[in-house]
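Pasting a structure below so you can have a look.
Each chain carries a letter (A, B, C, D, E and F) given by its place in the written order, and its residues are counted from 1.
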Amino acid sequence: MEAVIAISIGVLFGSGVWLVLRPRTFQVITGLLLISYAVNLFIFIMGRLWLDRPPLTLEDGLVDGLVDAGLYADPLPQALVLTAIVIGFATTALYLVVMIGSRGLTGTDHVDGKESSK
Amino acid sequence: MSLPWMQHLILAPVLLPLLCGALLVLISERHHERKFLIDLVGVLGLLVVSLVLVHLSDSEHWPGGVGVYLAANWAAPFGIVLLVDRLTAVMLLLSSGLALASLVFAMTRWSRIGVHFHSLFQFLLMGINGAFLTNDLFNLFVFFEVMLAASYGLVLHGYNSMRIRAGMQYIVINLVASFFFLIGVALIYAAAGTLNMADLAGRVSGLDADELVLLKLGMTVLALAFLTKSAMWPLGFWLPTTYAAASPPVAAMMVLMTKIGVYVVLRLWLLVFSDGAAAGFGFDALLWGGLATLAFGTIGLLASQDSGRMAGYAAVISSGTLLAVVGYGQPSLIGVALFYLIGSTLAVAAFLLLIELIERIRTPSAAMLALTMEAFAVEDAPDEPVGVAIPGALAFLGLAFAGCALVITGLPPLSGFIAKFGLFHALLNPGPGEALGRITWVLLTLVVLSGLAGIISLMRFGVRTFWAAKDVTPPRLQLTEVAPISLLLLLCVLLTVQAGPAMDYLERSAEALHRSEAYVERVLSEPVVSRIIEGDRP
Amino acid sequence: MMTLLFLAIDFTLLCTVLAMLLCMVRLLRGPAAQDRVLALDTLWMCAMLLALALGIRFGSLIYFEAAMLIALTGFVSTVALAKFLMRGEVIE
Amino acid sequence: MLLLSLILVPFVGSAIAALMPANARNREAWLAGGVALFGLLTTLFLYAQTGSGEAVRFHATWLPGYGLDFMLRMDGLAWLFAMLILGIGLLVVIYARYYMSPADPVPRFFSFLLAFMGSMLGVVLSGNLIQLVIFWELTSVTSFLLIGYWHHRADARRGARMAFTVTATGGLCLLVGVLLLGHIAGSYSLDVVLASGDVVREHPWYLPTLVLIALGALTKSAQFPFHFWLPHAMAAPTPVSAFLHSATMVKAGVFLLMRLWPTLSGTPEWTWIIAGAGLCTLLIGAFVAIFQHDLKGLLAYSTISHLGLITVLLGIGSPLAVVAAIFHTLNHATFKASLFMAAGIIDHESGTRDMRKLRGLYRALPYTATLAIVASAAMAGVPLLNGFLSKEMFFAETLLVGGPENWGMSLAAILMGIFSVAYSLRFIHVFFGPLAADLPKAPHEPPRWMRFPVEFLVLCCLVVGVAPGWSVGRLLNNAVLSVLGAQAPEYDLAVWHGFNLPLLMSVLALVGGVTFYTLLRRRYDLIHSDRVPLLHRFNGKEAYESTMLRLTSTAASLETLLSTRRLQPQLVLMMVLLVAVPLLLVRPLSLLAFSSGGEFSPLFAGLWVIGCACAIGAAWQAKYHRLAALSLVGGTGIVTSMTFLWLSAPDLALTQLMVETVTTVLILLGLRWLPARIAPRELNLRAPRSAWVRRSRDMAIAVSAGLGMSALSYAVLVRPASPGGISDFFLTRALSEGGGSNVVNVLLVDFRSFDTLGEIAVLAIVALTVYALLRRFRPAPESVPIPAQQANSVDPAAGQTPAQQVESGYLQVPSVYLRLLFPIMLVIAAYFFLRGHNLPGGGFVAGLTFAVAIIVQYMLAGTAWVETHLRLQSNRWIAFGLIAACATGLGAWAFGHPFLTSHTAHVTLPLVGEIHLPSAFVFDLGVFAVVVGATILILVALAHQSVRSHRLPAGSVPPRATGKEIK
Amino acid sequence: MNQGIETLPVWVSLPVTALLVLGSLIVLIGALGLVRLPNFYQRIHGPAITITLGTGCILIASMIYFTALQSRLVIHELLITAFVFLTAPVVAMLIMRTAVYRDLRAAKRDREPESDETYPCPRKK
Amino acid sequence: MSRWFPSPPLSVALLVMWLLLNQSLAPGHLLLGALLAVVVPLWAKPLRPMAAVRFKKPIVMARLLGMALVEIVRSCFNVSRIILFTRPDGLNSQFIRVPLDLKHPHGLALLSCLINSTPGTVWVEILPDSHDLALHVFDLHDEAWWIDTIKTRYEQPLIEIFE
């Protein structure tokens, strides 16, 4: 599982990087989306992988009302990822609007707002 | 036990703009004046708060001059900690001063060419101030995002095709840099299990070899993000383009934003790598990167004919100088570097504001400019402000330009010279245990050359603009345009006249930066306010 | 008997993932846009089933919410895609 | 205090002058004159205190930590220079009153002039080297402004730039030199520096220090090879030339050499550098002066030559030479200023300065001519005039250089004497012969007071020349004492020392000069030659211009080489650095010591086969098939959220799912305005080689970045989490102190609620930005018409409004479902919101669900219909949400707690029983409101583009523009 | 694997097993249809079985399973069923029409429109 | 009544839904559910302009649904069989038209639900001019049978229920 997720993060990141290096605005937005998946997963796995251990310290699962921290997944990276997801969504929206605005004003969907001279 | 009221002032630089910004959203765009007034009151409030903080952090109010605020009342490594020390306070002051100037400048024209300017402006301040205040790495990310998101909006504010081209570049690069930021933070968390900077510094010595490698990796990737934002060569090509394209008040604020990257590197590096297991890590890279940036800025300044790009390269030079100084790693340099930072920020910002006024000389009339500016705004064209042509408007422009040029190039008698002198003095008179090396001379030479390049370039521009232009019509200047530039330049003058006290304050700030152990202890020992017992769960 | 149940649960997971793989094939191959939209929608459905199956696998009700959310809102992006193809704009 | 006023008053005067109206010629002159007079009187008053070899001091702390205090120090030398500055300044002001045309905007002129006076006084009075540099650069600045006073003239602009570039560069060198000197001496205070000559001369940094300071001095004093700027500075108004470029500013360099003479002189390096430069300057200046056609040009080169003379004297290094240097400085100032003024009068009266046109001016202005002739005689070193005395001292000193065998120096001195006689003759030539008829103006004597300064100065030349000891003896002695102190030599300021070698040299020079000039006029076509014989190749001006040009063009090409304005190369760099910097700096390979860990789950692997395939597919399709890429990204998104679910992060899974949906709708809304890219028909056309190179490079970067991330992820995953991490705290305290069992949610709304506050601020900002940007959105021309789909008769709803579609058959059946789903989604949103604190859910998911519910209605019935039926002011939602979140935090203040401290209220209701209402709940409500408001604002703002005025009617659809659909 | 599953009685585990196997087979077959069938109009029928019977079987299995596991009536899976019934028709309808209109437009572009042709014949490959 | 409960069946459904979601019959949840059941329809009312459904004949409805369920399961196995064992080119996938008399939107919606839920048939649209239902059939053997089945088995009861 560790290897699978590690490889997958690499593939997503690599695909995203490839796209971000492309000249078309839509390719870049796709790349940004993929990179954000990769990065979110990356932050997430900093808490390591936990199966069926969601950080829900429900009262009926406690022993003597005490929480055994070892029984739950690390909640902190999850909280960070949640924030990152929302911020990522926001920035995607912003980029999108800039992308169409740029296409409208400059007449091209090249990231530089003009076709490269080559 | 309850929290002393004054303590909440630490939070005010974040909270005040947030509330102001939210309030401004509610007010219709039709009420320009009301919006501006609220915005102004907010900024003035910030100014007052930061003045008080400057005072408090330099008095005995807090132990060690460090004010700690536990947001949400959770003790240090667990909750988010805001922190004010002298350095933070002075940066907050700089930010509110700059904001005041930019805002007043934006009053008549720039705030009206699009909607939500004032809200975005306040949110920008919130982000900037938050980034200065926070002591938590992920919270820093959040405030960076607040700042950047607002700056995206402001850079594109009233966009035309040039602005959108630059904005696209600025946004994409910063989005990628934000990813770097996240990767870095994640790695640091994986290595040290904490996000609190002070806690991190305390933990470095306890890390095993692999964890140390992870930590260094995280810090390196993080540094790439900050260095992109502070425009280190070869990560900062976006800067001149963006500065040249953004509207003047926004560009002026961006000058400060560029410095935040440096600020964070300074803070974090001194905290984590000044001593302990990984002492000295990365300083060389900063030094060489800074030198390269300095050299590149010098070249760019010489090469550029366009005033906006000149201002951009001036900012690159100041970034490069600061990075090199931080990387040089001599404690006595930091104080003067801060002095330099303040002066150059004020001057470049003033220059960016000035540019727009200067550009009016070149077109037949201000109306023409307004025409092109409004070319793409259909529904929200503000009425052309009717101003009194100040006699001697040209003289003012010339004088202000000269002032900016003096500070930027480091010519006497303004603060630029004091900073440069202080820098050289500190370089040549190292403390005990530090030696002059070849790199000292490289740094010194590059700084001198950058000043020279500034002289050549700015003089070329000034002569062409003020002297060589045929049939110059004195532009119509508004008081709201003249006052902010004067304010910024007066601050430079004040910084010169009061160089002694200012430098003393900054030296004390710098000194505190190097006492990381006291700092760590101070942050981690701040007690929570005991919770209301009857409110707790049974 | 329990072994059989275990096996059945694993078999369900396997089939769901295999079904998702098949959807992916269609998603990649197209050829027409509507094929991809259909494949994506089916992928959503399979994901919902996967969530349910995981819930059964771990004996936890936590997974139900995800399945429910997919059942309720998973169709929105499909409808948006379809509407875009059909009318050229999602919101007229 | 008086000392301080000496400097302050000119600056204050300058500011006042600047504010005066443009036509107040007299008032400004009075002001300037008053300032100069005040200074003069003050200086005279201070004479008593400086007379005895002591110095008057003023001290104010400024930057004590850096050894930089504001120190003024007036000793004999400074006094002498101050007198010079103020005296000649006063005369120049009087002169300028008449010289400047009534049309000239004189406030600026006098303002600059006074500022210069202040700066120059600052230079001579500085008691601190750094402060000296400050004033030094200020003189450069004011000189720049004065040279460029008539800035509409190209020569003025060029002259100003050249002068400033050279002197300011020198100033920078001087700064560094002074810093080195200060480092060696341990202080920047002049007193200390002057006292530590031995230390300085033995220090290993002596040579660089000397070179740097010399660079400063030599550039300022227009010494070879930096002399070229001075002639071009003659574009300034003549009073400026008289004041700055002969009497004072150019003397700053020699002043500095005198000032630091006790510290730096006395070594072979000193002599070689200073005397060498001086000697070259002396000869070149004198020689070139002869061949000028411009009166002021001649005077400028003569000034260069005389400055060279002073420099040589200082370079020689003997005490007597210093005496001569100081004396000659004084003398030169007197006669050269008067000559400049005379030249100015000639220019003023006749309208030209061209010696080729000027003839017989004696007839027109005999009185001025007489004065000028006397002054030039002083310049030529004719006995009984002051120039003779100091030049003779110079001759005497040259004899001593290198011992009795070495005559080189003396020969050079005689040669210089000959040249100077020649150019003096050339100068006075304009007065003789018949009056030229073709002058632009008919010359006559100038106004009385315009001539007065010249008269006064010439009188000084005479008085000093006749009775040197009586007139300037004590002043000179004071100055000499302050430089040489105990080393001060015995000297005699008499006119007659008997027949000796220096006298012989003077005679030789006079006779030789006359002969040389006569020969030149006879044999050499002085009038018509446009260039200087022998030396015309050394054109400093052209060298300067071409250097500047080359500098700019080199910088421009370097800038192009070292930077880019395009986005892609920058991103390439960022990515390369992301991979390379950690590898180089950290060497993380130790982490990869292969260790296997964890288990392998084929199902999970299968899931990620999908995720990866979709990602790669998206990367492959995004160029031409956007919709396919979007669907594929959606596939990856589904897999990602399933992974979150699988790996114990239900909150993340829920949020990711909702974000996935909203993002898809968002991008589709955007795609409407992004015209399709049509794949080129010739798909088999081979991509050019450069494209392949680029793609391979990018592929390499992408692969290595991916590999890096994989390796890093794996390295982290196979290591156990560090035990002391902070997250256990959250797990153990969430329920007991945070009041919620969903630790992630408690983190978001309590432990790290400050993050969340920032996060919703980001959402709000982006929404406002998007709204603001779309207000001025101009779509691409290809996107302006309504979509082809809607204009095609295939579609039964072509031309129907969305509301009509819903009513008739087109969307009637779906509308029943979608409208039924609306309240259901709202309830689900409420459900997720209310349970979030304890179970997966919370404000984000709830808000997104709510927003999706509304967006579905927009999709169904169109913008217009929905908005006539439901007024949802997203702005207010955003503002309310932010304020609510803040208010929750502020509520804690009332209890004396920090911002955002959570409290739980326990309310007991009948029937229901006790319920816990954590304040975090209100905070989450704020989050919810912001998420709803922001999401809706973004999506609806995009949707509104479809109903804006840029939508063209169906009939105007261009046939091909939207012909091809996006696949 | 969760605790408590061992304690399930046979009368629970047997139907659950059967429903799960049946459901997952149908899911798989549906997806297979999506891949295997040659044109869009046929492919759209594949996922239909996944959505109805596949989902149905697994939901029922889940209900029985959790009811037994938690010893209380767990029937909130009904909600999913309801939601699926509310959303699936819309999706099928809209995708189908998308395909139809697109094909019609393509046909119209390719040749003169034939007035009586309402729906494209699925082109045989 | 209709002022506070624009659509009583919806309110009931929402309450049930709420209770199902929370898997609880606790008074607190009942109260909250009831509150939502009142507030949400009220708030959503402007966006739901159609009159509330009245189920006149619950027995007809139940019979219809039961019949449909059987049909769904049967078709499901048919389609599975075809996918697994039939060569695709042997399929006779066709569009057919079914003239409809049912006009009530809710009835049509329910009809579409039943048809679309039945594997092997996909509802395309109701043709605007003729009010014919266009239908795609996976494997068509007898067009008339289909038309007849839909009209008698489905449409007739729906007309009874809704009109």
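Simple rule for what comes next: a contact is a pair of C-beta atoms (placed from the backbone, for glycine too) under 8 Å apart; a residue touches a chain by one contact, two chains touch by 3 or more.
Computed from a predicted structure; not experimentally measured.
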Most central chain, judged by mean C-alpha position against the global CA mean: B
Compute the centre of every chain as the mean of its C-alpha atoms, then state which one is farthest from the centre of subunit D. F
Of the chain pairs D-F and B-D, which one is connected by the greater count of C-beta contacts? B-D
Approximately how many whole Å separate the CA-defined centres of subunit A and subunit B? 28
Could you work out how far the Cα centre of subunit C sits from that of subunit D, in whole Å? 60
Distance between the CA centroids of subunit B and subunit C (whole Å) is 48
Can you give the whole-Å distance between the Cα centres of subunit E and subunit F? 16
Two or more other chains in contact with one residue: find those residues in subunit F. 17, 21, 109, 112-113, 123, 125, 127
Mark out which residues of subunit B touch at least two other chains, giving numbers and ranges. 138, 142, 145, 149, 152-153, 156, 159, 168-169, 172, 176, 183, 187, 189-190, 195, 376
At least two other chains touched by the same residue of subunit D: list those residues. 565, 567, 571, 630, 646, 650, 709, 712, 716, 721, 725-727, 730, 735-736, 752, 755, 759, 762, 765-766, 769, 773, 778, 788-789, 795, 813, 817, 820-821, 824, 828, 839-840, 942, 965
Taking the top-of-page definition of touch, could you list the pairs of chains it picks out? A-B, A-C, A-D, B-D, C-D, C-E, D-E, D-F, E-F
Footprint of subunit E on subunit D - complex, ascending: 788-789, 792, 794-795, 813-814, 817-818, 820-821, 824, 963, 965
Hey, which residues of subunit E end up touching subunit D in the complex? 83, 86-87, 89-90, 93-94, 101-102, 104-105, 108-109
Show which residues of subunit C lie in contact with subunit A when the two form their complex. 58, 60, 62
Report the residues of subunit C in contact with subunit D in the complex, numbered from low to high. 10, 13-14, 17-18, 20-21, 23-24, 27-28, 30, 32-33, 36-37, 39-40, 43-44, 47, 50-51, 54, 62-63, 65-66, 68-70, 72-74, 76-77, 79-81, 83-92
Within their complex, subunit F touches subunit E through residues 17, 20-21, 23, 72-73, 76, 79-80, 83-84, 88-89, 91, 93, 95, 109, 112-113, 115-120, 122-125, 127, 134, 136, 138
